[in-house]
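So that we are looking at the same thing, I have put the structure below in C-alpha cells.
Chain lettering (A, B, C and D) follows the sequence in which the chains are written, and residue indices restart at 1 in each chain.
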Amino acid sequence: MSTFDNKDGGAVLLAMVDTIQKNKAYLSDIDGLIGDGDHGVNMNKGFSLFEKNYCDKEFLFSEGLEYLGMTLMNDIGGSMGPIYGTIFTGMSEAGSNLQKISLTDFAAMLENGYKGLSEIIEAKVGDKTLVDTLIPAINSLRDSVARKEDFKRALLKMKTAAKAGSDSTKNFKAKYGRASRLGERSIGVLDTGSVSCYLLLSAMADSIITLL
Amino acid sequence: MSTFDNKDGGAVLLAMVDTIQKNKAYLSDIDGLIGDGDHGVNMNKGFSLFEKNYCDKEFLFSEGLEYLGMTLMNDIGGSMGPIYGTIFTGMSEAGSNLQKISLTDFAAMLENGYKGLSEIIEAKVGDKTLVDTLIPAINSLRDSVARKEDFKRALLKMKTAAKAGSDSTKNFKAKYGRASRLGERSIGVLDTGSVSCYLLLSAMADSIITLL
Amino acid sequence: MQRIMNDPDNIVDEMLAGFIKAHDNIVESTANSRVVKAKNILPDKVGVITGGGSGHKPAFIGYVGKNMCDAAAVGEIFSSPTAAAFLDAAKAVDQGKGVACLYGNYSGDNMNVKMALKMAKKQGITIKTVVANDDVASAPKGQEEKRRGVAGEILMWKVGAAKAAQGASLDEVIAAAQKAIDATKSIGIGLSPCTLPTVGHSNFDIKHGTMEVGIGHHGEPGMKVCPLGTAKEIAKKMVDIVLSDYPFKKDDEVVILVSGLGATPVMELYVLYNEIEKLIGHAGLKVHKAYVGNYFTSLEMMGATFTMMKLDKELKELIDVPAYSMGLKQE
Amino acid sequence: MQRIMNDPDNIVDEMLAGFIKAHDNIVESTANSRVVKAKNILPDKVGVITGGGSGHKPAFIGYVGKNMCDAAAVGEIFSSPTAAAFLDAAKAVDQGKGVACLYGNYSGDNMNVKMALKMAKKQGITIKTVVANDDVASAPKGQEEKRRGVAGEILMWKVGAAKAAQGASLDEVIAAAQKAIDATKSIGIGLSPCTLPTVGHSNFDIKHGTMEVGIGHHGEPGMKVCPLGTAKEIAKKMVDIVLSDYPFKKDDEVVILVSGLGATPVMELYVLYNEIEKLIGHAGLKVHKAYVGNYFTSLEMMGATFTMMKLDKELKELIDVPAYSMGLKQE
C-alpha cells in the first residue's frame, strides 16, 4: 500500500513518545557536552505530558500532531516548546483534511511544519541545530516524490538522510542555543536537537511503515 | 638602678610597636591555623596608627600607654581594641602619678591592666587566650616583688613565665574567639593572642632593661 | 551542588507557592499557575506584563506590584515561559485598553511571545511589545536589535508601568518603554559560573583570577576574559564600554543600576558603585538616582552588571513615581 | 577569591562611601566616618542605634532609616565597631530623651558597648541596651543569656524603632525591644563557608553533601553536621528546633523571617519558606507577616536562617508600622 489511514496514525504519536522517553538520558548527555544538559529532560517532560493527557483518547494522526504540538507550546516553553510545537502543528494543519496519507501528503506535511518553524527561528543548515536534520529529511522526501518512489522506500531513505544530517552537525560550529557559547570548541560534538529530531523522524518512519 | 624614669618610657612604647610590626605576618599565620588569620593585621593596624599619630610627640611611659590604649579602643574595635585597650589604659592609670617606676610599680600597673580586662572578658587561665600569657607574667612579677628581686632579673623571669604561658596554650582547647569553632581540633596549636601578648611583654621587658 | 530544594523539576512551582504566600499583600495567583498577577490593579488602565525564565530573582515576578508590572509569565529556570503563559498574563490584566508586553531579547522569549500575539489577535486582545536590548556586549553597535536584554529591563518596566499608572494609552506606554530601553545601556562582568538545579554541574567555567567581561545573564559568552581587576579597574572598563555606546553627554542626568549576579556580597556592589559614581562624575554626568543591590541575578553567579539610563523630562518623572513590588519599593 | 574590591583593608570605608551616595535620600554620614545616621529623624524622640561588624548587608546600616534605627556603628568585617563608634552613634541621635542601643550578643560588641556606656555616662548621655540572643543553636535552653544574636535582631530593631517613632519613653522602647527579642527564636543552616577579604581563604569548611545545623553568622560552629536534606527536611529540622525552644502555641500569631546567608539563590529561600509555612500551619500557628530574602547575610556563605517571633497586640501593631530603610521597606 502506498498510503496509510489518518485514523490509524495515533500509533505513530505513541512511537514518538516512546523514543523520546527511551532516549531521555542520552539526549541530556549529549546536551551536557556543549549545552546545559537538559534537552532530554525538556523533551521528556513535554512528550510524557502529552501521553498522560491523551493516552486514553482516540485521535487521527493529524489530530495527534496538533495535540502534541499544543502540549509542547502550552506547557513546555523555552525554545523546544515553540520549535517542535510549530513543526507538529504545522504538519497537522497540512494533514487535517486527509483520510489517507500518501508519500506526497506526508512530504507536504513535513514541509509545512518547517515553513512554520522558519517563521520563528533564524537557523539555517550548517548552524548546528535541528534544522540540519529536518532539511535533509524534507529534501529526501521531496526527491522521492519526484522520483515517484515507494512510500516505504522513501521513508527509509528519509531516515538515512536525517541521520546523515544529524551526524553532520559534528563538523559545525554552534551559532544558536547555549552551545554557541563555546564557539570553535563546539566542533566535534553532535547537536542534541538534531539528534532528537532524527529520533522523532525515525520513529515516525518506522511506525508509518508498519501501517502501510 | 632599680627604677626607670616615667619620662624615658616613650621608648618602651616604640619597642612594642616595633615588635608588632615585625611579627605581623607571623601572628596572622598562627591565627590562620585555627582562627581567621587576621590577628597580625588587626594588631599592626592599631599599633601603626598609634605610631603615626604620636611618633613626633613627647610622652611619659604612662601617657604613652594611655594613648596606645585609647587608639586601640577608638580605632580598632573588634575584640583586640577593648582587650589590649583596657590592659594599656589600666596600666597607665596605675602609673600616672609616678616619676620613677620600680618593680613594685610595674607589677601593680600590669595587675591593674588585668583588673580592667577581667571586667570585660570571661576567659580564665586554660581557656587558650592571651590570659594564659598575662596571668603567669603577673604572678612571676608578684613573686619577684615578694622575693625582693632585682628589677632586671624580675623582668627576665617574667619573660620566661610569659613564654611558658603562651606555649602552654598549645595543650588547651579554645573556648573563646573564632578558634573555639574547632573544639578538640584546636589542641596542638598556639593561641595567637597569647603570642602577641608574650611579644609585647617581652618588648617591654627588654626595653625597660635598657633604661634601668 | 549545595541547594535548598526538593525535586529540582518542581523548584519553580514550589518557589512560586512560597512567593505568593510571602507576598500576598502584593501579588496573587491566577488560573494559570505560571502567571502571577498584582493585587488591586488600578481600574481602567493599560495592562503591563512581562515574563522570562526563572533563576533571576527578583526578576521577573519581583517586579509585579503597585505602579510596576501588572503580571508576569514564569518559565522554567533560564527558559522562556510558554506562549500560553504570556497570553494568560495578558488576559489576566487586559481591561480593554490593551496590554504592553515588555520583555527581553532571547530567542525562546521571542518565539513564545510571537505565538502569544497570534493567539491574542484571534481572541481580540491587543498586545504590543517592547523588546529590551540593553546589553551592549551581546552585539556590536549598529546591530542593536540583536542585543540581549539584561538588568536594563527593570528600568523599562519602571517607566512603562509608571506611564500606564498615569492613565496613558497603549501607544503612549509602548513609546515610553521603548524610549526608556533605547536610552539604557548595560554591561555585565562574571566572576564565577552557576549551576542549573536540574543539571547539577555548571556548564561553563570562569577561572579564578579572571573575569568575563560582557557575560550574559545565563552565562552567555562575553567579549573577552581578562585578569580579575580591582574595583576601580572593573568600574573603568564598565563605564568606558557603556559611555562609548551611546551619546551620554556632559550634564546629562542619568539613572544608575548596579546589580549583583547572585553570590557577590552586596558590600562589593557598593564598593563598585563608589568607583562608578566617581567616573560618572568625572564624565560630567549627574546621577539622578541610583539602584544598588541584587536586582537581576543569575542563580549563584558571582559578578555584577552596570546599567545606565539617560533621562529626559518624561523619563525622569516616570522613574520617580513611587512603586511597591517585592524587588523595587520606592517612595 | 573572586571579589570586586580594591585594597581589602579599605573595603569597609569604600562600601560606606558607596552606600551613602546611593542612599542619600535615606542616610547621611556623620563626623565619625564609621557612624551612619538616618536623614530627617523625627524630632523629640528616643534615639535608636545599633552596630556590628560588616559583611552582613543589609545589616546593620541597611536598617537605618524612617521608623527604623536612627544610626548604626560600623565595624570591620565580622568585627565589632569601636566603643567610640557606638558612643558617637548615640551622640548623633540623642535628643535628650535617651538612646536605646539594640545590638547582638558577641563578645567584641559586648566589650565595646560596655565601654561606650561608661564614656556616655561621663558625658551625661543615657544609653540603655537590649542584647539580641535569638540564636537557639548557640547555647542550650536555660542559658539564653549566652546565645548569639542573629537575624532576629531585625525584628527587634523594627519593634524598638517603631515604638520610639510613636513617641515612647526610653524605658518603653527598651521594654518593647526586649519583649520582641525574648519572643524571637532563630536557627541557621550553613551550606558553604565564606572568605574574609583580608584573609583570602575560608577558615572553615562545609563538605559538599552536608549542611551545618545551627551555624552562626560568622561560621561559628553549629550543633551538628548532617547530610544535606531536601527543603522539606531542612524546614522540618528548623521548625522543630524553634518550636520546641519557646512556648509557641496553637493560634499564636507569628512573624516569620527567612533570610539567605548570601550566596543561596533567593528562589531557594521561597522554596524553603513554602515548606516552613506549611509546617507552621500544621502546628496551628498563624503567619501574620513573612519576610523572605537576603535580610542578614554572611558574605557569600550559602544557607539560610529561620526566625520566628510570637506576637502580642503591641508587637503586632509595631511590626505593622511602615518603615523605609535600604534593607526593609514596608507600607
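Heads up, the rule we're going with is that a contact is a pair of C-beta atoms (placed from the backbone, for glycine too) under 8 Å apart; a residue touches a chain by one contact, two chains touch by 3 or more.
The model shown is predicted, which means the values in this text are computed figures rather than measured ones.
Visitor: Starting at chain B, what is the smallest number of hops through touching chains needed to reach chain C?
Guide: The fewest touching-chain steps linking chain B to chain C number 2.
Visitor: Find the chain most remote from chain D, comparing centres computed as mean CA coordinates.
Guide: A
Visitor: Let me have the rounded angstrom distance from the C-alpha centre of chain A over to the C-alpha centre of chain C, please.
Guide: Their C-alpha centroids are separated by 34 Å.
Visitor: Using mean C-alpha positions as chain centres, tell me how far chain A is from chain D in Å, no decimals.
Guide: 55
Visitor: Taking the mean of the CA coordinates per chain, how far is chain C from chain D in Å?
Guide: 29
Visitor: In chain D, which residues are in touch with two or more of the other chains?
Guide: Correct list: empty.
Visitor: By residue number and range, which residues of chain B touch two or more other chains?
Guide: In chain B, no residue touches two or more other chains.
Visitor: Provide the full list of chain pairs in touch.
Guide: Those chain pairs satisfying the definition are A-C, B-D, C-D.
Visitor: Enumerate the contact residues on chain D facing chain C in the complex.
Guide: Residues in contact with chain C: 1-6, 11-12, 14-19, 21-22, 54-55, 57-58, 77, 191-192, 206, 208, 211, 228, 230-232, 234, 262-275, 277, 287, 290-294, 297, 299-300, 302-304, 324, 326, 329-331.
Visitor: Flag every residue of chain B that touches chain D in the complex, lowest number first.
Guide: Listed in rising order, the residues of chain B that touch chain D are 32, 35-38, 41-42, 45, 73-79, 81-83, 85-86, 120-122, 176-178, 180-183.
Visitor: What residues on chain D touch chain B, complex-wise?
Guide: Answer in residue numbers: 9, 53, 75-76, 78-85, 107-108, 110-112, 114-115, 196, 198-199, 201, 203-204, 218-221.
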